[in-house]
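Next come two complexes built around chain A: one with chain B, the other with chain C.
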Partner chain A sequence: MRKIFWNRLLQAALVAWGVGTLTFVMMRSLPGDMAYRIAAGRYGYDNVTAAAAESVRTELGLDQPAVVQYFNWLGDLLTFRLGHTMVSGAPVIGEVQHQLGHSALLAFVALFFSILIALPLGIFTAFRQGGWLDRGTLFVSSLLRSLPVFVVGLVLILLFALELRWFPVAGFGSVRHLVLPALALALTLAAVSSRVVHESTYQVLQSGYYQFARLKGLDNTAVFMRHGLRNMLVPVVAFMGVQLITLIEGIVMLESLFSWPGIGHGLAHAIFARDIPMIQGAALVMGLAFVVLNALIDLVCYSLDPRSQLT
Partner chain B sequence: MQGTCKTPFALSPPVLPSAPIRPVLLLYAALVVTSLVAGVASSGVQGNPDKDVLSISAPFEFTSHDPAKDGYIYSRMQVAETLTQANTQGEVQPLLATEWHVDNGHKTWTLTLRDGVTFHDGSPMDAVAVANSLNIAFAKPGPLQKAPIVGISAEGGKVVIKLEKPYSPLLATLAHYSTVILAPTAYDEAQQAIAIQATGPYQVEEFAPPHKLRVRQFAGYWGGRPGIVAAEYLTGHRAESRALQAKSGQADIVYTLDPASLNLLERESTVTVHSDHIPRTILVKVNSGHPFLKDVKARQALSLAIDRTGISNSIIRVPGSEANQLVPSALADWHVKALPPASQNREKAKQLLMELGWQDSESGTLVRDSQPFELTLITYADRPELTVVATALQAQWQELGVKVNVSVGNSSDIPRMHQDGSLELALIARNFGLIPDPLAVIQADFADAKGGDWGGMNWDNAEVRELLTRLPEETDPAAYRQASQRVAGILAESLPLIPVTFYTQQTAVNQRVKNFRFDPFERSYFISEMELAQ
Partner chain C sequence: MSTTEQKILSRKQWAGITILGLLALFALLEWALNDADPYQQNLIRYFAAPSWQEPLGTDQFGRDMLARLGAAVRLSFALSLLCVVSAASIGTLLGVVAVWGGRSADTALNLLVNTLMALPGLVLVLLLAALVPGSFLMLYLALSLILWVEYFRVVRAISFSLKSSPQLQASYLLGFGRWYLFRRHVWPNIAPAIITLAAFGAANSIMAMAAVGFVYVGLKPPTAELGLMIVELFPYYSDAPWVLAQPLLVIFLLVLGFNWLAGRRHPLANEN
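Up next is the complex of A and B:
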């Protein structure tokens, strides 16, 4: 337990340094002039001129050597300061908090919906291996996974916003704005996780210990609850950790489609504008979120699987 | 025993345990139904839930309170006002300044302010506050900085602007969104705007950058109470999302529709699509110092090879938007009516290039001195039609024997590559109505021998330079028109920029919105003039 904690803490520190350094190096290596990019981000394409770019360069000290700027950033990071965005001038921490809040809400609700869909479907189809529902879900899962998430979003918009007019097309600020993006993301996530649940449950059902438990005379409920559920959950929970990548990827796409003010969208725009403090801040927070979530998943697996507690 | 044990006899297939599953299924069903019902109930099975709020969707993001960066959103949402405004013909009209006079050889402007105007914070708008606001705007990049101003001050309750030399576009510059007047309390010590305490009929109620701005009517507005109580601006990044917002009724007004969405919306009975000309032109910026392009015949050949009608009908989807000159007819002083319409003539284009020594080759690309006629055209994706028009030009010039490589980058690449001299061709959308008098834009584009960031490049014409130096000091309207017409004529003939099409803004308006009106200078959404049918 303690080992998990220390390992993850070390990992977090490495991620913070690595992500920040990598984004700094990558943004610096891109062709083009940062001052011009930032001026375009600030003043819009009608007003980006050489004069605006020079005023940005002077104001932000972009004419300093890259090494000086890098160590300034590293010094700030050690004192937990993320600086100000180069485009709006607002503190990065405030922007990230605002955006991360919206993304976390969307991610959490989507994950919750995906579990609601995947768990019963996966378990049920494992008990009816090869049945019509199993084959049907396999087909729908493949279909959903092969579509980009924004297409799933568009289909939901066409159906629920345009035809039925139950939910708004885009926007944020109320529960009804959350439903369609969360559902689009949940469907994409559940497409794969329902099959992982299915496989994991099926493996458990076919295992010797499960069959032995049945042979010794336990009723179906007791067999599943005592010998099935916990065993099938370990790979499922571990897979959810892997799925966080899909979650983040989906959020970036959907936030743009649904005008959702999240961190994925913020990061994409910061990259267009070469807003390095914002990119570093957003990437740092996302990197650390990965570490924390993976640590949580480790802890859940640790408590689910008694074998890991022996070592 | 674990996992590998084989049973010596056959077991029946595992059975789904019913006892724990049933309550779980019930719980699931309850959760799904509850969330759906909650969502549907809160939406009222309608597009726009709030009947009193005008909902506006457009692609422009805002990030700050700074008028230099995001003033357009406060100006359009009628939160902030400028000293002057423009009518649809581009004529300067009073707004917060009611009258003005100029003396000292057209170098000192004295502006009288409107009486009884209060800021949203309750403080009165006086000359000191206005001068403070203008001085802050003058220190930031924007059109005001380009004016030859030596001082802005409050004198005897009036605002006095002193110039180094006469500058006729000054009043038009004061209509630009970066010069909106804010209360002194809107700025911090570093003179950064931290709030929008302005004078408009609406005040900010919710500021959630970069996506949402909600405004509510300001009871103390000098012009009386507007009909619409509140309005909401939502940034819609994707053109298809915006079109769907219009179709579903979630947004009452959707600005900047893409051509592909027009058919969808024209079939919708609750939505009217308005098409309005705006003083913006799609054009090709040419490096006239490039060995292939420095002769006017080469630029004329490229212009003659363009199928503008095809681009207007199939890409822009507004027939009749072919551009035969830079400035559209709405800005009458700078538009030469007598010019013939632009037409494609590939044979003549080819002949012009042959006269310059270019010859056909086996590869299909023209060759001169064993050099192929190959150029790079850069453009940017902020306006989605630009990339499509770029590939159309690529195909049309290929037929002429000119190979063009299209590179899509960031808008800032245009001024950057202009400055470092690496630009060859660039497809841009130039806004000549940035301020209501296009002189400031044209001056920035052509008054210098090196050209302007968004204007000519290495193209120098002594007469144009002389006229553009003289025009800001010209006070006689007839003489002004004569000179501006001459400049427009030379530009159309010499083609330092090759015009392609004029812009038409497409706006979807829900039928519940009454008195909709479009501002070609995109300064205001005129919310205070509209009404919502109940």
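Up next is the complex of A and C:
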């Protein structure tokens, strides 16, 4: 338990250091004199003088050696002083908070949909191993996992927005805007997770303790609820940890495709606009969210499986 | 070596090899036989229907789609091959080093791996792509950097259980060299997992290159790259759906081919 906590805390620190270092290098590798650039941002391009640039330089410590600046940069990062975006001038922290909420909504709904698809389908096909539904889902899943998530989203747009006109193409505002991006992500997630549910359930059904519980005379529902469900859930929840990567990458891609105002959209736009404070804020928050979610999965696995609590 | 090669490939793996073989053949034949330049614009002939001159029609700038698809498939194959070979050799080497190189090497390598795994792969690729925009070299380095971790973890896990096995100890005591020990005892045990990982890694690198191209932070236009082609052709869907369908189909077939070639489940899929 304590080990989980320290490992993930170390990872969070490594994320902050990695993102901070990369963006620092990015900042230093931009062309031109940084003091002049910041002065131009503050006073307008027509009002930049050598004196203004010098005052900026001393104020921000830009005349100090690179190593000192590097540690200042990391210090700012650790105290969450993320600066202002270069595009609109708004504080990065506010922008990121705003975007994180939208992303969390999309991720949560997508995850919910994917569980709604994968869990019943996986369990049902495990009871009918080799049946037509089992072979059918296996085939569909193998096709679906060969499509990058943005292609799934694109096909849904073509089908349900442009041809059938059931849902808006892109944007944000009503529940209808949420359906297509969430569905695209849910399909991509469920393509793999439904098979994991299937295999995990099938293994439980074949096991000695399950067969014994049936022989005791328990009926199908009781034996699955009492002996099947919890055992079958442990690998499934652990797999959700592996799928977190798919979830976050899917968020980045689908938000860009659907113009969903979330953090992935923010990151892609910031990179396109070379808006370094924003890149740093978005990547940092995304990395930290990834670590926190991983820690949560660890905790759920820990509480689901009493065997892991012995050590 | 012989133990792994005796195993007969499954039907699915043959299907994967067939798809990839046909795509490679297409890319090579296109390169050898088609004279059209993938970058030559012809603005009068935008979205021309398929003809003998342009068997797959032309895109929004009147560029020959056959030539562009051929170039894009060659680019995807080249990148995936480069990434997989680099990642597999570095990952295997470091995995072996972690097991036999002493405790401090193992600790240092695990710290490095933990750092890399703390960020989702695509985010790291996006950050590195932002460092040097539009560079194939940077894309290759970034993808290899996230892919080698998988080989490292698998090789380390398998080698760790092999380290104290009787057969390896016996060979070591007989005085065989490191290279012989690796080839005779370690490689046959890790080879199946490495080959599966390589197939998945190729599929992943193709999808990742298309993904960064799709959000405009990967390679720059006018490069014929699948993700870029999709995002550029998407606005013209109602004018020319068949042109948009071409890169979509090609990326699907590429990834499907590699996924089927992998044949088995991902070696790390069941790991907590």
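Here, the second predicted complex is superposed on the first by the 256 of 311 C-alpha atoms of A that agree within 3 Å, B and C clash if a C-alpha of one lies under 4 Å from a C-alpha of the other, contacts with A are read in each partner's own complex, and residues count from 1 in each chain.
Throughout what follows, contacts are C-beta pairs under 8 Å (C-beta built on N, C-alpha and C of every residue); 3 or more make two chains touch, one makes a residue touch a chain.
Just so we're clear, the structure is a prediction, and the values are computed from it rather than from any experiment.
Of the two partner chains, chain B is the only one touched by A:Thr49; chain C is not.
Contact with chain B, but none with chain C, is seen for A:Tyr210 once the two complexes are overlaid on the shared chain.
In the superposed model, A:Ser256 makes contact with both chain B and chain C.
In the superposed model, A:Gly18 lies in contact with chain C only, and not with chain B.
Contacts of A:Leu82 after superposition: neither chain B nor chain C is touched. By the touch criterion defined above, A:Pro148 reaches chain C but does not reach chain B. In the superposition on chain A, contact is made by A:Ser174 with chain B only, not with chain C.
Of the two partner chains, neither chain B nor chain C is touched by A:Met278. Counted by residues of chain A touched, the larger count belongs to B, out of chain B and chain C. Of the two partner chains placed around the shared chain by superposition, chain B and chain C are both touched by A:Leu162.
On chain A, the surface touched by chain B in one complex and the surface touched by chain C in the other have residues 154, 158, 162, 256-257, 272 in common. If you check the complex, the residues on chain A that touch chain C are 7, 10-12, 14-15, 17-19, 22-23, 25-26, 29, 142-143, 145-148, 150-151, 154-155, 158, 162, 196, 235, 238-239, 241-242, 244-245, 248-249, 252-253, 256-257, 267-268, 271-272, 274, 279, 283, 286-287, 290-291, 301. Across the interface of their complex, chain A is touched by residues 1-7, 11, 14-21, 24-25, 28, 31-32, 35-36, 38-40, 42-43, 45-47, 57, 60-61, 63-64, 66, 68-69, 72, 140-142, 145, 192, 208-212, 234-238, 240-241, 244-245, 247-250, 380, 382-383, 409-416, 418-419, 429, 431, 434, 444, 453-454 of chain B. Chain C meets chain A in the complex at residues 111, 114-115, 117-123, 126-131, 133, 203, 207, 210-211, 214-217, 227, 230, 234, 237-238, 248, 251-252, 255-256, 259-260, 268-272. Interface residues of chain A, counted against chain B in their complex, comprise 32-33, 36-37, 39-40, 42-53, 55, 85, 87-90, 116, 120, 123-124, 127-128, 154, 157-158, 161-162, 165-176, 179, 205, 207-212, 214-215, 219-221, 223-225, 256-259, 261, 265, 269, 272.
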